[in-house]
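Every chain is named by a letter (A, B, C, D, E and F) in the order it is written, and numbering of its residues begins at 1.
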Amino acid sequence: MEALNQLPLWVQWVIAFFILIGAVFAFIGSLGLAILPDFFTRLHAPTKNTTMGIGGTVIAAIISTSAQGTLTLNELLIAIFLFLTAPISAHILAKAALHTELPKFAPTRDLRDKEDAYQHETDK
Amino acid sequence: METLFSVTVGVLTACSVFLILRGRSFPVVVGITMLSYAVNLFLFSTGRLTIDGAPILGTNTEYADPLPQALVLTAIVIGFAMTAYSVILAVRTRGEIGTDEVNEQDSGESSR
Amino acid sequence: MSKVFPAPFLTLSLFAIWLLLFNSIAPGVVILGLIITTLIPLLLRPAWPDFKTIKKPHLALVYLVILIFDIIVANFKVAALILGRRKHLKPALFVFPLDMTDELPVTILASTITLTPGTVSCEITRGRRGILIHAFSDETPEETINVIRQRYERRLKEIFQC
Amino acid sequence: MNLFYIVFAPMIGALIPLLLRRTSRPVKTIATIAIPISCILVAWPLAQQTLAGDIPTAIQQWLPNIDFDLAFRLDGLSLLFVSLILGIGVLIVLYAHYYLSSKDNDSRFYACLLLFMSSMLGIVTADNVLLMWAFWELTSISSFLLIGYWYHQSDARRGARMALATTGAGGLALLAGLLIIGHIAGSYQLDAIFAAKDAIQAHSLYIPALILVLLGAFTKSAQFPFQFWLPHAMAAPTPVSAYLHSATMVKAGIFLLARMHPALAGTEFWFITVTLIGLITMLVGAYFALLKHDLKGLLAFSTVSHLGLICMLLGIGSQAAVIAALFHVINHACFKAGLFMTAGIIDHEAGTRDMRKLQGLLKFMPITATLAMIVTASMAGVPPFNGFMSKELFLDQALNQHLFGGLSWFVPVLATVGAALSVAYSIRFIHDVFFNGGYKELPKQPHDPPKMMALPVLILSLMCIIIGLLPMLTVSGILNQAVSSVVLDNITVKLALWHGFNLPLLMSAVAIVGGIVIYSQRDQLFTFNRQFEGQDAKHNFERIVQSICDSANKLFTYIDTGSLQRYMALVLISVIVLVIPQLFEIVTLEGSREQLPVDFVSIVGASVLMVAGFATAVLHRHRFIMLMMLSVVGLVVSISFAHFSAPDLAMTQLVVEVVSIILMVLALFFMPQKTARASTGHRVFRDILIASLIGGIVATLNYGILTSDFETISDFFIANAKTGGGGTNVVNLILVDFRGFDTLGEITVLAIAAAGIHKLLNKLKPFMPSSDIDGRPWHRIKHPLMLTNVANLILPMAMVVAVYIFLRGHNLPGGGFIAGLIAASAMILQYIANGVDWVKERFNVNYQSLMSFGVMIAALTGVGSWFFDRPFLTSWFTYLKWPLVGKFEFATALLFDLGVFLTVIGATMMILSNFGKMTTRHRPRQEGN
Amino acid sequence: MLTTVIHIAFVLFSLSIIMNFWRLAKGPHLPDRILALDTVYINSLALLLLLGIYQNTQTYFEAALLIAMFGFVSTIAAGKFLLRGDLIE
Amino acid sequence: MWQQHLAILPILIPLFTALLQLLPWGDRPQPKRRALGLASSILTLVCAALLLVHVNQNGMLVYALGDWSAPFGIVLVLDKLSTLMILLTAVLALPVLIYGCYTEDNLGSHFHALFQFQVMGIIGAFATGDLFNLFVFFEVLLISSYGLMMHGGGKFRVRSTLHYVLLNLLGSALFLISVGTLYATTGTLNMADMAVKVAQLSGDEAALARAGGFMLLAVFGIKAAILPLHFWLPQAYSTTTGVVAALFAIMTKVGVYSIIRVYTLIFGPEANELVWLAADWLWILGILTLIFGIIGMLGTRDFRLLVAYLVIVSVGTLLATYSFSSAAGISTALFYLIHSTVITGALFLLADVMAFERGKTASRIVTGKRMANHNTYAVMFLIAAIAIIGLPPLSGFAGKLMILQAAPVSTSGFWLWGTMLLATLVMLIMMSRTGSKMIWHTLQGKPNEQSAPIGKRVAIGMLLSLSLILTIFANPIRDYTDSVADELLDTQSYPTTVIAPSSGEENQYE
């Protein structure tokens, strides 16, 4: 901690800014997960906001280490992997939710054609 | 922190013990797994708690006790092997006997 | 050349990852990285499907920038929706008809949809000819489909030349 | 040395008939009979020494540690018994030659008989009480085999078992008694024990020791109340009965009493117990003998009765009484062996032994009848046969003892009654069989046996006469020495047929007359006894054993319900019982160590952990949710590892947890998803109680530990990591270097687990649900496109990461194990995303071999250090300088870690791919995407 | 100042985790729970990064990297379980 | 130096063999596997014997793995006790493997590999001088025993394996907790060093260490099958195949060994506030175990189960004897241990082969058909029964006499006498009953046609002849166990030998 407090004030500000961005967005995302009405809407919250939450923190981390002399970019990998994997999780979960026919929030407009409507495996 | 830590370990142990005393294989296996988490925490803590003292030379001045960490690592791996075996044994039991109850059905306690 | 580097872009990105991991460009790291990032694709070659390769790398960069920008926008949008009133929520389920069928572009598109404002791709339907999307906001589906098509699908098609 | 021959020749000789299995019976008989005869020849010179007053001994050390030596002596007492055993043994073999039918397995018979002979010889010649005990038990075993010779008969089996159990139990009591005596005397050698007589009798353990020894003697000699086994031993072939009941087995008890006489006798307790038991046995035996309809039964109970007589004499313990006792031992052996053989001949030739069926056989079997009458007369104590003389002595002793004070008179009275009964059953034996009217229809047409079969009986009856007429010539010499060795004094025995008119003679006369009267009134006795019939000792014994077994079984089904929960609970309760008292002793749990401050994140983490743990327990019936809770527990645990400065642990825990969860989800497919409530309220209460106590113990221990300071060896690792191991990540160094052996064991465990799991899955036909928990059919797409693509992308990246983690393990968090798990996880992802077939087409890796090679590499790295003259697993490292690359480190530990890496990949993949592919063939293929 | 901000961030992330956990416990459906679990993973990752900044150390990096790489595997496994029952086929 | 390496060979040989067994060996691998396994078992036996001789001549062998001397590295400490147990393991393993090579190994996969792993685990547990390493080897032997128990499959086997596995997993967890507690109070893992440190503890720290020590007792109790912790044993041993059960004959002894080692060395005579920590408990539990075994024998109606209870009886006897904490007690306990291991091993094999030849009635104690090799089994049964009951002239009686003599003449001694003699009587009754039912009381008609291969009989014969050897050489063996006991009780020189740097210099490659 002491090392960070030695940094130029503006760097500290920048770091603080990114940390706050990350924390706030992560918080909002989780809040969304907690309070939104149905699964599909809840799905939106973490998939988007956590990316930002992590992104912010990662940037803060990169700055804080790089500012001490050596350029450190490896935290970037975390963000890359997360961006790569997060949509898949969401995708699979959405699939599962469709499959299990979860109840949808009342105002949801279902605009699927008949042929898109979900089909269960029948041959068994 | 020490109080919090020990209470947590205790609670975790108690919960896993409760699971271990259930009558079906799956909860028991989960209980054993959770118990191994609790035990790992316990074993880890025998080196006492240290924050910001990873035992990597040159990074810190004070180091956490590395020995329990090594022990826990071994314990984790062994625990993993054991968990894997018991999980699959549970499946095998189910496949062979048709139920996942750990006892024979006519033997009193579980079927009551 | 293609025997040694069956997937040059892969090798390249792996090398980038390698350098990032070590966070260093010391000669030892670079040499070892070259060896390993050459070896790994060779070893894993059988598991590497015949993906469409990127034909226009510069466009890919543009796409990436757009994507990052959109992610940031998406975050704010969703945050607003979460914190806003419930009656603003007008979710919709609809199908985005695909223009392309290659695996990788479709995957990227679907990921993009998930990461960008108000939409999550739920299912790839119609034998890979459509993406089922769950939208969050009150915009009309047509509008959203249009945005996706113009902003992302078009670019992807260019990048992959399909 | 010759003594050894006498004892061990029959034992080793027991093999001879077995080896001659395929030869004819005469060969076997001759070979067998040669053994006791050779023993007699060997014994002859020794016997001369003994008779001259020497005691030949032989000793060979065997177990000096427990004072157990092969020590033998041939004093007078031994000689007496040795002669009986060998002499009658020869006759028995001869007799058996004719007795056994052609269907019987004679080799086995002879072998067992010789074994038995050997053990009897061992008892009587042993100079060490422990050795004597060993032979004692050997007689139990060999008699078991002999009694159970006709094992296809239920009677034989049960009789044998009962005999074994009774005499075996007595033998164990005897052992205890002998051990106490030996403990007091400080030695198990006979002379030492004799010398310690006063110490023994003054010791507080004298009475228990005496009781135990007497138990041994009484069970063996079938004294009241242990007489029940003996009649059932009659199921044995008659030669066996003849041998067992005349010269051996039952005489072992008598021998023991005589043998321990110098050390134990002389006290009031000895006198009262032994005399009374003997007296009671004599009467009870005689009474039952009279009632038996079976010839052998009669003889058996008469044996009991006569043994009682001898026992009583030894109880009285005076010099004359000992003379009488030992003299009667000889006499009894002669006439009882003869009687049994006669009974055997009758049985053999007439086909039955039931006296109610037999009568008037005199006409058909004159020779047998004559011989029978001689030996019976001896038994009844009719002059001039030997039995008469010993009975006279006995009656005399009964009169001359005054140990019961004013009540002493009842001893001679009861003795006379016993003698009368003895006369009565003797008359019955002769009269019922050979006279008592004309011939009745019998299973066989009776006739005299072959001459050679009658020969042994003839010899024995001659003995009866000769001893009776010329006692001083025949037996006084041996009796002198025998009695001397019992009373430990040099004495000279004076025996004469005629003592003049005296009280004992009158008592004899009374007994004979009384016997005739009793015999004539026997029908009333039979009627009286009929009301007790059905009280068969054998059945009682069987029933008691059976009921003990049954109740044990019942008890067991109650205790051991086969309930795992109960076992688990017992283990935990044991821990509670063992540990809690220790915790009570702690005065102040909180130690002096400075404690860390608590922060908000930790509180949140701890609460999440606790709640998740709690939820896992509570939700155990909703399995999928339980798993998710478990994965939260795992996650928070790994975060706490990270927080408390253990990055290696955090990484390992994370990846292991992912893999475990995958495994469990895989398993869940084959399991019921949700189960009904199964436990009752009070069981849940019990479980909660146990759980909280265990939790409490662990928490207490943990708190006590965390707050106290300690000195540890870890500083050494930190100090030596760089210089001794060449790395900076101390944890990794401990794993691959300082404690590399643990790691080798650990990967071995992993490999074994994988092999074991492969074994488990081999024959498994899993239970596969066709729909999910709500009855919905499964999704039709196996491998979603997006997942497939991303998994393919991730694989090479994960491999790069794995290599990176592997390489840096030595210096920074990481290492072979984590790297292996990363690679394995990436592969598992392939399996999940693309399926077994897909992976198999592309990577044809034999995971099992990979795993095996992994462990081998690690172990061989260890072996490598041998070539540098260093112990197993000694590491070596150096810094190399290459152009371009620069300075880098090479360590053998890295090679070791490579082994770990490969093992982990191999084992994990073997587990998961085998498990996963179980279902592959059974499920429909994917259609479209 | 930075310390304060980091502490605030700690609190925010902690609260996030609590909310996620609440969703995880409450459900109401399995996908909800899985989603919550996934989010717990990501928030923990953020927490680790934050710890790294706070303690000014690189030691948490690998753990975070592993969460980013493999956190989703659990989610995938759970999702696939709902879809197909069997993970590896 | 090569003699020095002898210390680790009995662990490495089975390890490498097992690893080789895991490789595919072409189309017909079984003959090759058998040859490999047998060769390795013989080699292990030779090494174990050489090791014993070496240790007996030159004293305790301390092998510092990785050249890190105690207490920092892991050391193998091969004192007389360890080498004795290792030799016993090797001696038992060879006939059992021979037995297994006759068709038994075809019942399932990986038999040979698991067998060798099992042997490795057992030997490792005997050899190691480090408490945590002991845990590791416990796990090695446990996991391979899990695998072996499933050999052959079948419903009953699965369930009893499940019980066995889960119970032992609980045991492993407890093991770790106790190791942790002991490390936390003493700061070391090496048992010799721990012994030194434990003696210095006082007050609350000593109480904590005691708690750890007692928890450890429960852990070893599970393995050794002491009274309330033994329930897994009858089920497990009676359902698994004979060869596995026979190999398991040494498994309970690992528990007993650990108890002897830990509670003599660490919590032994020198341990100040923790002196003879477990003796009182072991005394009571040993006697109770013995009684329980007796009742169990009475209640059983299956030969294998009977043998399983015989194992329990032997464990009770051993521990009660050990608890006298005297040199004579330990020495006799060890003698009895050798004897009971060999004979129960033989009995398990015998029960197995008899069950096979009896066909339908299997090992139940009921009337059945004659067996194809009836007479051979009858003789073997007789010999084994005499030996296990403790009747003369075979090894059992020598062991029993020794124990009875070693028991002090006091109340506790009489208890032991009483229960042991009662146990002997019950064994006598039950074995005679069993033999009478299974061998004497046969059905009329042709004997069963199934005949077990002769190799199986040879294997049993080998084990039984060991009993004879034990009897003949009882005195030298007792002398040896006496010296083992003396060495064991000399807890002051043990740590100095182990901890003093055996190789002298530090690691010096730079």
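What we mean here is this: a residue touches a chain if its C-beta (ideal position, glycine included) is under 8 Å from a C-beta of that chain, and two chains touch if they have at least 3 such contacts.
Labels paired with UniProt names: A = Multisubunit Na+/H+ antiporter, MnhG subunit; B = Na+/H+ antiporter subunit C; C = Na+/H+ antiporter subunit E; D = Monovalent cation/H+ antiporter subunit A; E = K+/H+ antiporter subunit F; F = NADH dehydrogenase subunit N.
Just so it is clear, the model here is predicted, and its values are computed rather than measured.
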Label-sorted list of chains bordering both chain C and chain D is A
Moving step by step through touching chains, the smallest count that connects chain A to chain F is 2
Taking the mean of all protein C-alpha atoms as the centre, the chain whose own C-alpha mean lies closest is F
Comparing A-D with B-E, the one with more C-beta contacts is A-D
Per mean C-alpha coordinates, the chain lying farthest from chain D is C
Expressed in whole Å, how far the mean CA point of chain B lies from that of chain F is 28
Taking each chain's centre as the mean of its CA atoms, chain D sits from chain E at a distance in Å of 60
Separation of the C-alpha centres, chain E versus chain F, in whole Å, is 48
Distance in whole angstrom between the CA centres of chain B and chain D is 40
Contacts with two or more other chains occur in chain C at residues 17, 21-22, 110-111, 121
Touching at least 2 other chains, the residues of chain D are 562, 564, 566, 568, 572, 599, 643, 645, 647, 668, 698, 701, 705, 710, 712-714, 717, 738-739, 742, 745-746, 749, 752-753, 756, 760, 772, 778-779, 784, 786-787, 790, 794, 797, 801, 812-813, 915
Note: chain F residues in touch with at least two other chains are 132, 136, 139, 143, 146, 150, 153, 162-163, 166, 170, 177, 180-181, 183-184, 189
Pairs of chains in contact here are A-C, A-D, A-E, B-D, B-E, B-F, C-D, D-E, D-F
Residue set of chain F touching chain D in the complex reads 1, 4-5, 8, 12, 15-16, 19-20, 22-24, 63-68, 71-74, 108-110, 113-114, 117, 120, 124, 132-133, 136-137, 139-140, 143-144, 146-147, 150-151, 153, 162-163, 166-167, 170-171, 174, 177, 180-181, 183-190, 193, 203-205, 207-208, 210-212, 214-215, 217-218, 221-222, 228-229, 231-232, 234-235, 281, 295-301, 382, 386, 391-393, 397-398, 401-402, 404-405, 409, 417, 421, 424-425, 428-429, 432-433, 436, 440-442, 474-475, 478-479, 482, 503, 506-507, 509-510
In the complex, chain A touches chain E at residues 1, 3-5, 12-13, 15-16, 19-20, 22-24, 26-27, 29-31, 33-34, 39, 42-43, 46, 50, 53-54, 57-58, 60-61, 64-65, 68, 72, 74-75, 77-79, 81-82, 85-86, 88-89, 92-93, 95-97, 99-100, 102
Seen from chain C, its contact residues with chain D in the complex are 10, 13-14, 17-18, 21-22, 26-28, 31-32, 36-37, 40-41, 43-44, 46-49, 51, 103-104, 106-107, 110-111, 121, 124, 127-128
So, in the complex, the side of chain C touching chain A is made of residues 17, 20-23, 71-72, 74-75, 78-79, 81-83, 86, 89-95, 110-112, 114-115, 117-118, 120-123, 125-126, 130, 132, 134, 136, 141
The chain E residues in contact with chain D across the complex are 7, 10-11, 13-15, 17-18, 21, 24-25, 27, 30, 33-34, 37, 40-41, 44, 47-48, 51, 59-60, 62-63, 65-67, 69-71, 73-74, 76-78, 80-89
